[in-house]
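Across the two complexes that follow, chain A remains constant while its partner is chain B and subsequently chain C.
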Partner chain A sequence: MPPPPSALRITRPTPTTISFTVSTRAPLETISARVLHYLSLALRVVIASAILFLLWTKWELLYPSVEGGGVPKWLVSSWPGKIATLMAKGVMTRYLVPLAGGVLWLCARRGYTEESLLVLRGLGIQTTSSSSTYLSTNSTRFIPTTSIQDIFIHEAFKMFEVRFYLAIVVEGEQDVVVVFPSLLPSLTILEEVWRGARSCLYEPKT
Partner chain B sequence: MTYNIAMVCDFFFPQPGGVESHIYQLSTKLIDRGHKVIVITHAYEGRTGVRYLTNGLKVYHVPFFVLYRETTFPTVFSFFPIFRNIIIRESVEIVHGHASLSSFCHEAILHARTMGLRTVFTDHSLFGFADAASILTNKLLKFTLSDVDHVICVSHTCKENTVLRASLDPLMVSVIPNAVVAENFRPLAHQEHVTSPVDGRPLHHSLRPHDTITIVVISRLFYNKGTDLLIAAIPRICAAHPYVRFIIAGSGPKAIDVEQMLERNVLQDRVDMLGPVRHEEVRDVMVRGHIYLHPSLTEAFGTVIVEAASCGLYVVCTRVGGIPEVLPPHMTTFAKPEEDDLVAATSKAIAALRQGRLETGRFHEQVRTMYSWTDVAERTERVYDGISGVLSEEEFYGSSTGEGWSAARGRAGVQSFALIDRLKRYYGCGIWAGKLFCLCVVIDYLIFVFLELWAPRDRIDAVRDWPRKPPLRESSSATNAAIGLGRKRSARYRDQGWEG
Partner chain C sequence: MHPFSILTVGIFVAGYTTARWDLVTRLYELAIFAWDHDVFTRAVKGFAGVSIIFLAIVYPVSRIASREIVLHPRTGAGGISAREQLKRRGNGLMRIFWPSDAPSSPNPGVLVGWRNSDLDVLVVAILQDTRSVENAIRVGNLFRSSPYPIHRILERCGKSSLQVLGSVNPVVAPTTFNPASITCYTSPRSRFPHLFCPDTKEVMVQVILFDRPHPTRMQYISLAPISLALGDKADKSGKGFPPLDGVEAAEEREWERKQALVEKLKQHTVVRHSRAQKELLLPVIVDQINCSYELNALLQSNIGLIGTRSRRALSVGEHIVESASNLWDLILAWLWYIATEYIWPLQSRLFVFALIAHRAAGEVLLRILDWRLFPGHAALKDVSATAQQVDIRLQQFCYWPIQYLTLRKRKQTWQSITNSHPEYIRFYNSLWLVANDVIIGIALGSYIIENATFVAAQVDKILTAYTIQGLQATIIWLMDWPAGLKLNTELATFLGDLFLWVIDYWAGCMAMLRPYLPGIIHFIGFSSFAGATMPISLFSDLVSLLTLHIYSFYVAAARIYNWQLTIIISLFHLFRGKKRNVLRNRIDSCDYDLDQLLLGTILFTLLFFLLPTVFVFYACFAVARMVVIGIKAGLDTALACLNHFPLFALMLRFKDSRRLPGGIMFELRDVGNEKFPTVEQREGSAPTSFIHLKSVPLPLRAMLNEYFQLGNRISKHYVSPGVILCLITGRFVPPIHRKNLYSLQYSMLPKQRVGIYELWARVTEKDAKVGDGAYDLGLVNGGFGGNGYVGGGSGNDGYGHRRKGSGNGVGRVRVGRG
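And now, the complex of A and B:
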């Protein structure tokens, strides 16, 4: 497949720091986009907690706990509690558990990929790849300036096509470190990042 | 007019060989003429991905399953997605396939026609018609060449063979011989000339009866290279001429047979087996000898005998395939491809050398003027002009062509891309084969349509070109005069092409 449409965001808090973020998500610039984003987050939390509650109810039905434990009385008698009890009674475990698992996974999924490169002059480079779910943390890697030998753009075969990639040669390592490894953005983005990273990483020659 | 050209072949460096160096030299010279050339081959061990060679020649080593002797498994369609991607990102206009045993090349030509590109095929080898493998290869060749714009062969014998095998119109087959880089195959210079220890006279001229004559054989030791003939001839030559030594370079499955022959006849001190030599070392081996022996059983061109002659060696070779076309008679002695005749021819050459009747000293200069890659590139470029319609039909094919001699041929001798025209061409391939080929072409077209949707063109990044060289003007080349008037007009077209 060709590169997914992705947007590049550059932030430059200080003259010696520059951060490039490539994301498949449209940037949250307008208020409505922001509101939608937080609404969807809230919805995910609500759905996920409902599913967890349902599973808890089912557990209590199967293995009733001793007096005082289990689901609080007030919750069982409230309307969500009643619906949960009805559903827990109506659906068999073998269907309920995988279904609930699937919905939980959908709720936790991030839905977009974001990868970034942070360049700090005199310190080094940090690459970040967003994790696929909200539950796990992003994977980051820091490469100190002293061990960076080169940054280059090259081409390689990936599946049924040839794609450009930006790579960092690290001293003493067999393989190069590919920046934006899962997105592999288009050449125009890569060139901009490459120029920016080189100009920031190395002192301009005077 | 400059083109973006993709050379497609299974065989390329780092593997040594004639086809490989042909592709490299031709590509380099085409780049010098202002074209953009890429090479598409399969991945070799330790050589994968995208590489650049000298002169900005870009090589795609496509990861693919290798079947036999560096030939990939013929899968007809599986190469298409990646091929299309490369073609689009490099904006290729002409696909030039090499070697009839390369399934990559056949597939590429089929897909290129489906994508609406001009195709050229270069045949480097001769094939028989009788055995099962040849029949199969010939059928496959017929399939691919049913719809190709032009075919190039390396010798007239090769052209005859290819025309018969693939049922081609002889007019769409050109002969462009291989060439050698004569600078890499110089004879020993005067100061480093091997001089006889007695009177300091150079050894190459007038050998005395007891001076040793060295016979060089450089070939891969395969059946088709005539290794069996060599094995039979060496003991007899050694028995007849006591002051003759052999140097054999190269490796292959027959190497063990050669060694057994040496042991049986106790010839280890008179025959040196060097094993495999790299192409750049070939010259150093050649200049150690006086005679080059080439016992091949089939050969389309035989670049190695040109290299040997360029090194100042007298050539003894079998009269097979395109070999008789390669060198002028005063450089060679021919033998029939049989033991007795080969021994006789070698003896004749040894005698002639001892009598000093051979002017080997001037071979290098003569070969240098006969063969040059620049010339090959120029002639190949003319083929590209012809198939792209830059040259008119009568100019490219000669004025003798009647009108409408090929039903499927469109404007200016250019093959039409319409699917129905292509199917017509394939349908004539045979009762069953024709239908099968049509089916393949239709499926290929459907895959193409699917790929256009699945991986749209505008989402594929175009690459940055290596800085191009300015196109050469025709008038600057010295060989132009020989080609005649038709050439001049093409030059005019070309000038218009890049000035306006």
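And now, the complex of A and C:
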């Protein structure tokens, strides 16, 4: 499987603070891209709420609640309510629930992967990986400079190919920290990141 | 000097004098001449005069000067410009830590905080009074009426005192950048400050915004994730017990291999960078951030006091009001005195005695539970779930007073000192779990007691149905060509009869036990008032006792099956004309005689055809055994959940996740300079990066880490190819050692419990501390002056705490006078 196309984005407010971001998504710079992004987000919210509403209707059909509870009357009599009632009546629970779960999961899925490396002189290095869904937060790991032993690029087998990876050796730990672990970008990107990180992290020798 | 060189010099001098003797005589004559003409006396007079001048003028002047330097230190660079300093230092990175709740109004103010190095500052407070803050800090006015000694918090923050770092929004704009007195501009549009620093290509700026953790809500940040387990054991807890099984040995090997790789990697590191001061300071900065909230509150409360004149004399009306309030205070103090002097000591004494007696009884029980017949053998608590449960509870009871004392100490100092927060979570977690356990236990116990006969009947019914009648039915089925398998009838009948006979005997035993079963159930019901874990563990033990026959059947059937399999394998070697050489651990070829071959082949055929019959019986009992193990595993899981589940931590995680720090993270923020419109030089400002420091809450995965470890260990032990091979070949599957299984439950307990004598010492020390607490309260009431301190100081009779207590008192008196 070829590696997913990923682009490197560098933010460098000062020479002592650099953020490298590798992403499978094009940066949201043009207006059309931004509009598309927000439209897709809105669509996801709409679909997810529709699915939840459908599940609620099904629940009410199965276990009708006492007066005053349950789905409001105006919602049932409106056209989405009618469609939901029709669908809830038509589809059996054993098919509806897994199907709804699957659609909800698809709605919550993030369509891209973004991993970044933030280098702060005097403080340390921070790796960030975006989560696979919108529901969970990104996972970050901060490594103080004092516990960084080395940063290197190495190669390793992954399935049937050889991939390069950027790794940070942390003192006192048995496993190295792989930067960009799920994207594993190409060697040219890794070299650029490696050079930038090394020049940014340590004070220049006088 | 080295003796050898002394010798060399001596030899040289001696040789020189002998060689140039005439020179020596000339020198001697010169000395006599000088003595005759008063040269020596004049030299001595001159020396004395110079000494007198030095002692009378120069020495006092230098003393005065040094004293003046101490009294009025020169801040700043002492004549060297900032640019010159930066040039000397090379490329500079100015780092400012800025609290996110600092006021962003455009009013002028003074920055107070820590200066960790010349270009590294942490802002604690912005004081609006610009006049005499520097002097007030030096004299200590700003730390007046601090609840606890200020030096404790300062010691924690790198032993440096607070300083004036610079000014914010000054009326007169500065012209040059001076790191000794920085100038910041704030704007309501951004939480980030703007540092005045013209772009001179020599300095870069890092502005790091931090959210102050609230210490009274027990929030804090830390570099390492908070550890819910007690860290006094080795990281591989639960290991090292004599019966190290294969899984652990493999883990150990893997660990060593990785360690060797780590060592190798160390040698591959080409450039070793020395640690810069700024990098080493990170832990100190984390502490400073943790302490900044309380210090800020203290400074802000005192800022109104500086610059005000001393209090005027009270007016008559004020005198009356004060004396009236003093009278009330007096009555309160008297009541307080009676309570503290007579009622409280008696009660606490009684409580301490009860505690120690309880501890002693617990010690005896713990010794019994931990007693081993022979060293290396299993103790009682390794065999029985009930014994283990009692052991865990007793150890918790032994640990609670110590934990409580630790937590009391936490109350007696600054809240920012966060050492005991994990202990707090552990303590309340275990208290909550025990309370939960007891509540569930009471519900369960009352049900069992009320329906004892019914429960007993049900238990009896289930036991009979499954372990006796079910087993009998299965064996009879196996004897009669099960599922169309045509087994060897004679062997099946023999084996079946054998097992049936034992089951009959066992059924007789059970019938003898039956009248006592309601009593036993009653006992279990009563035991559950000590927590739901007790009936569960008792039930677990009962299950292992009442299914003893299944265990023995399994062992017997496995033995027979394994022997038969071994014999078949060796006969198969014979069949092929080979044999196993045990000395070399290999298979050699061997010339057998004809009769040997014939007999071996006949036996091989016989045993091979009998194998399915034996296998069927073995499989039956192995499945029964596995079911029993599964039931016990389920009960053990319930026990583990009731004993260890991190309820309190989970609650905290949802209530206030900042109380469970899992590390820190930085976020690069894009703050344009155009947000600071008041600064004229904003175009030519030095490159600045804006960073937000955040605390990462502890992930759920880390909270339940112990459970994942346990699951991992169990799956490694039971769902490994080795175990499946053991099952297939009929070898005995070694049960996982209880010690390994329960390292989880002991992870919140210390390895070595505190002895009775030490507990006594620490509890009586607690009494002294209670006295301390009383005088603290007296101080808060504000009724007494110095008397309160004296009383408090002399009232101490603790072990090394008297000195500390009286020291506090003296310190406070001094502060009060100042």
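Everything below uses one rule, namely that the second predicted complex is superposed on the first by the 206 of 206 C-alpha atoms of A that agree within 3 Å, B and C clash if a C-alpha of one lies under 4 Å from a C-alpha of the other, contacts with A are read in each partner's own complex, and residues count from 1 in each chain.
The rule we apply is simple: contacts are C-beta pairs under 8 Å (C-beta built on N, C-alpha and C of every residue); 3 or more make two chains touch, one makes a residue touch a chain.
Keep in mind the model is a prediction, meaning the values are calculated, not measured.
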> Is this a clash or a fit when chain B and chain C both end up on chain A?
Replying inline: fit
> For A:156, is the partner it touches chain B (first), chain C (second), both, or none of the two (neither)?
Replying inline: first
>> By the touch definition at the top of the document, which applies to A:186: first (chain B), second (chain C), both, or neither?
In response: first
> What angle, in steps of 10 degrees, lies at chain A between chain B and chain C when each chain is taken as its C-alpha centre?
Replying inline: 80
> In the superposed arrangement, does A:202 touch chain B (first), chain C (second), both or neither?
Replying inline: second
>> Quick check for you: in the superposed arrangement, does A:174 touch first (chain B), second (chain C), both or neither?
In response: second
>> Contact-wise, after the overlay, does A:164 reach chain B, chain C, both or neither (first, second, both, neither)?
In response: first
>> If we overlay the two complexes on their shared chain A, which of chain B and chain C does A:120 touch? Say first, second, both or neither.
In response: second
> Thinking of the overlay built on chain A, is A:13 touched by chain B (first), by chain C (second), by both, or by neither?
Replying inline: second
>> So in the superposed three-chain picture, is A:144 touching just chain B, just chain C, both, or none of them (first/second/both/neither)?
In response: second
>> Between chain C and chain B, which one touches more residues of chain A when both complexes sit on the common chain A?
In response: C
> Least CA distance chain B-chain C after superposition, rounded to whole Å?
Replying inline: 7
>> Per the definitions at the top, what is the overlap between the chain A residues touching chain B and those touching chain C?
In response: none
> Given the complex with chain C, which residues does chain A contribute to the contact?
Replying inline: 11, 13-17, 19, 118, 120-124, 126, 128, 139-142, 144-146, 149-150, 169, 174-176, 202-204, 206
> Quick one: in the complex, what on chain B touches chain A?
Replying inline: 48-50, 60, 62-63, 81-82, 85-86, 89, 454-456, 459-464
> Where on chain A does chain B make contact in their complex?
Replying inline: 1-3, 154-157, 160-162, 164, 186-188
> Across the complex, what residues on chain C touch chain A?
Replying inline: 90-91, 93, 95, 120, 204-206, 223, 255, 258-259, 261-262, 265-266, 268-270, 273, 275-276, 278-280, 282, 663-666, 668, 670, 687-691, 696, 699
